[in-house]
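Chain nomenclature is as follows: A, B and C, assigned in order of appearance, with residue numbering initiated at 1 for each chain independently.
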Amino acid sequence: MPEIFINGQSVQAEASHTVLQAALANGFFIPYFCWHKSLSIAGNCRICVVQQEGKNWVEIACNMPVSEGLRVLTDSDLVREHRKATLQFITLNHPVDCGICDKAGECTLQDYHFEYNGERSISIDAKVQSTKYVELSKRIVLDNERCILCSRCVRFTREISKSNALGIKERGDTSLVRAAEDGSFDRDPYSDNVVDLCPVGALLSRPFLHQARVWYLKPTPSVCPGCARGCAVDLWHRKLEWRLRALDARQNEAIARVTPRDNPAVNGPWICNKGRDLAAIFERARAADPMLKGKPVTLQVAAAAAVRLLRDAKHPVALVSSWGSNEQLAAFKAAFGDGVTAFVKPDHVPQPGETLADEILIRADKNPNTAGAQALFGSAPLRFPDGTDLVLVWGEGFNFADLPRGAKVIFLDAFVHPENGYADVFFPISVQTERSGSYTNFEGIVSRFERCFKAREPVADAETIFAALGATAEVAA
Amino acid sequence: MPGRQLIMNFPVTATSHALADYRARGGYQALPKALAMPPQDVTKEVTASGLLGHGGAAFPVGRKWQVIKLNDNQPHFLCANADEGEPGTFKDRWILEHAPHLLVESMVITSYALQVRHAFVYIRGEFDLPYRRLAGAIEEAYAEGLLGENILGTGFACDINVIRGAGSYVCGEASGLLASVEGKRGYPRNRPPRLTVKGLFQRPTVVNNVETLSNVAGIITHGVEAFRQVGLPKCPGTQLVSISGHIEKPGVYEVEYGYPLQKFLYDDCGGILGGKKLKCIIPGGISTKVLTAAECEPLTYDKESLESAGSSLGSGGMIVIAEGTCMVRLLQVMLRFYHHESCGQCTPCREGMGWLHRIIDRIVGGQGRPEDLDRMIAISKLNDGTTICGMGDAAGYATVGILAKYRDEFEYWIEHKRSRLDGNLEAIAHA
Amino acid sequence: MKHLIPEFEKWKRRFPAGYESSLVMPCVRRIQEDRGYVADSDIDGLVEYLGVSRMQIEEVLSFYTQFRRKPIGRWHVQCCRNVSCSMLSAEKLIDHLAKKLGVAPGQTTADGRFTLSTVECLGSCGTAPVVVVNDTYHENMSVAKVDVLLEGLK
């Protein structure tokens, strides 16, 4: 490990590192736009300049290899002068329309401007105008005036998603990021990552466009349930202190957007587009009331009915949810032990048009916790034993037409389904965003998710229902 | 003639570009000689000759070649840079049109020295006749066993492919050129890694200017000593100077390094157009700093002398500017060019070129402000050494050079909203 | 572009195997020579033939000033406007051409015969000013000579 000196302080650097990496790894900050730890070095933004001690010029840190005894200054007068100048260059044709830009509040350009420049443009000439609201895909719009041509998005489609769907057309100060004309960007299942990658407000999510100022939102750590990868995500929703009172209150309990939370062991800094659309999964019409054969009842009445069914059943079978958290699965196991024959059920199967599986992140198993469920309940395919007289169905994805003739049904689910009213007993349960817990992904990695919202009563967590049913069932036995 | 000649040492005729003529004047004698030497000895000879790059940076050729590790189990590439696009430069065009076999022979020798199986010539797209002459020479060479498999029966194999550019100045920069050969936009690359370590397709690659390479055959044929006797000890050999602008006899001249500049301008090139007085020269393409008539007087044509005056050899594209020429308008033409040619990859050049262009357009439009001139110098300086390739620097040199020496013309235009010299670019009424 | 593939195959033999991407520039140029411009179907064909991404070809077509994706006039009159040519009256020449053809630089005459362009240095500084018609250089031009030149272009 070569010893280098950053601002006079000795640092042991990885031999393969650049000065930028060595600095960041050792707590020194160097600003950067185009550099990204998971992408190739472009070295085009020129903001990461540093100065070697004793030299009267600056060099970019992102492409400077470390070498024994190298002495660099990251914050000298010359470095500051160049960063200031670079920001003057970058904002020369940038509209500085932060007031109407979704990126405001989390924009690297804003941050660096305040840190390193802080002045008005010194240019008095008209800005180069460019195209705005270019629809790069059905999901993403581009404002070329805001674009600083860092090429992160282009490199992402070349090096990570491999769609090669983005490029830079024309040249000079009229260069334009554009999507390939064959529509391949629409088919890139990872396209939305470029919105996060964009250091400015050039690439924006269309569903999120002008929906919220980001400082009103907070991220809650979560796990994407969209497939067995279990990518680490942040679910963004309104901060408690910024709850809307006069406007639609539902917005307070809505997922405003989903972004990847960097987890090198699982997903790195990326997620697929399905993960961006979790709101579409969680915010479907919710089942509100416990029911007996479609008739709304109180939770207590439903629980008592379920206990009776369990007590009377001779051969009860349970279909365990692969969307259940490890904690819920353990609660189920604790409640029923070997008293029921349990099978793990895939709650979700691939939808038409959905990417089945790829070499990047997406797995064919569209459930987050199959591994956790199978660890407790095995992986035997579902076959109802002869004489099955009660089926406890936990979660979506089971076709009631496959029920054994004459069997009673206890059904726990979060959403409105026709089956809810068919079940002898139905319990509305919470969704992932209303509780905390963990999933075990296909590689055995356990990831935790936290609660974003409170479930509305009488919606209950499945583990509470299991505990209630299990306790009374055992007493009865 | 401005000194001894190494390249333009034959009369141009209708057939002087052909193989038979080239052989008749001693061509293809270096090739068998080189192929009989161990490859590293060829590099040693070229290193010992002290040959400097003729494309603009005057980098020692041998030092570039020595980086290539022989027998490292990977392909090496050679690219001849024939993307002659530096305004004022048309010397490589002369070689391509009149001595294409000199380049071909030199490239085969260089390929042998560097263990290159596939060599490329990247020629600018606008060069039509030069391309046809070169392509014709290459076919002749293939037909005679001077290219392809088993060259001259030695077992050495080498192909030369010609890639034609399509209108981009930055492709004349070595790494931009390689990007274009790779079939991409001509975006220059950051160094490190050097191209001799990771160049074309990430393989060790040498990129040399056409004229630079064309000296190799002569060095092998006549030996290092013969080459070093021409020119100066620190700057041996000759430079093809393409001279244009307000000069009586424009064209390409082979100038021996160390030749007096005044003698070249007034004796060899016939003096200033229409008998006018010299205002200044741009010695090596518009990216080199302008030299006033007074500054030119004591100079000789070589690296050291021009650099002592704060300019450089550049690409040998000398532009002569007569008294009465408006430097504001001249700089406007240059800045329009740099703005047009910036590839747009890195921030200072992408934004700076347009900025400079807009400022000078505004000055010419009568809307200039006194602070504009210092702003232009500041923009230029912030492009010096801060960009991926040398283009930002080059535009800066041009701007700073002219503003330093002719600031009064700019100030006049800003104050009076018109040129002191009627915006004139022409020495004499023309056309 | 399919009918050009035999020609490309011939070139390929001299190119390093496995580096087909270096055929992009020659192939695009050849297609343009053949058709006059590069059509969308040519891009598709080249993507398939060379195995490069479509975006790479699209970028190349937009980056280089000589490539075009739409037809232009039969005679492409290109006038250099860089330093040496401007110093020898290129600007007057361009004005004259624009007036004579009735179009501004970058435009094509209504009859589709002429497209007028201004270009940067063509390496013809010693024989300035230069006008290039299609691929042919016409050097040491003047207003009188350019009139004669245009007369000859039918």
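We adopt the following convention: a contact is a pair of C-beta atoms (placed from the backbone, for glycine too) under 8 Å apart; a residue touches a chain by one contact, two chains touch by 3 or more.
Since we're looking at a predicted model, the values are computed, not measured.
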- Message: Just to be sure I understand the contacts, which chains border both chain C and chain A?
- Response: B
- Message: As a test of understanding: of all chains, whose mean C-alpha position lies farthest from that of chain C?
- Response: A
- Note on the structure: Contact tally winner between A-B and B-C is B-C
- Item | Distance between the centres, which are taken as Cα means, of chain C and chain A, whole angstrom | 49
- Query: Rounded to the nearest whole Å, what is the centre-to-centre distance of chain A and chain B, using the mean of the C-alpha atoms as each centre?
  - Reply: 53
- Message: As a quick test, compute the distance in whole Å between the mean CA positions of chain B and chain C.
- Response: 23
- Overlap residues in chain B, where contacts from two or more other chains coincide: 168, 185, 340-341, 343
- Note the residues in chain C that touch 2 or more other chains, in rising order. 56, 59, 63
- Message: By the touch rule stated above, which residues of chain A touch at least two different other chains?
- Response: 168, 170-171
- Once bound in the complex, which stretches of chain C touch chain B? 11, 14-16, 19, 21-26, 28-29, 50, 52, 56, 59-60, 63-67, 81-84, 86-89, 91-93, 119-129, 132, 135-137, 142-144
- Query: Where on chain A is chain B touching in the complex?
  - Reply: 41, 43-47, 49, 57-58, 60, 63, 65, 82, 85-86, 89-90, 92-93, 122-126, 128, 148-149, 151, 168, 170-175
- Can you check the complex and tell me which residues of chain C touch chain A? 40, 53-56, 58-59, 62-63
- Query: What does chain B use to touch chain A in their complex?
  - Reply: 168, 185, 190, 192, 339-348, 350-355, 358-359, 362, 369, 375, 378, 382, 385-388
- Note on the structure: chain B residues touching chain C in their complex are 75, 77, 84-90, 92-93, 117-118, 120, 124-129, 159-161, 163-169, 180-186, 200-201, 242-246, 250-252, 282, 286, 317, 319, 321, 325, 330, 333-334, 336-337, 340-341, 343, 425-427, 430-431
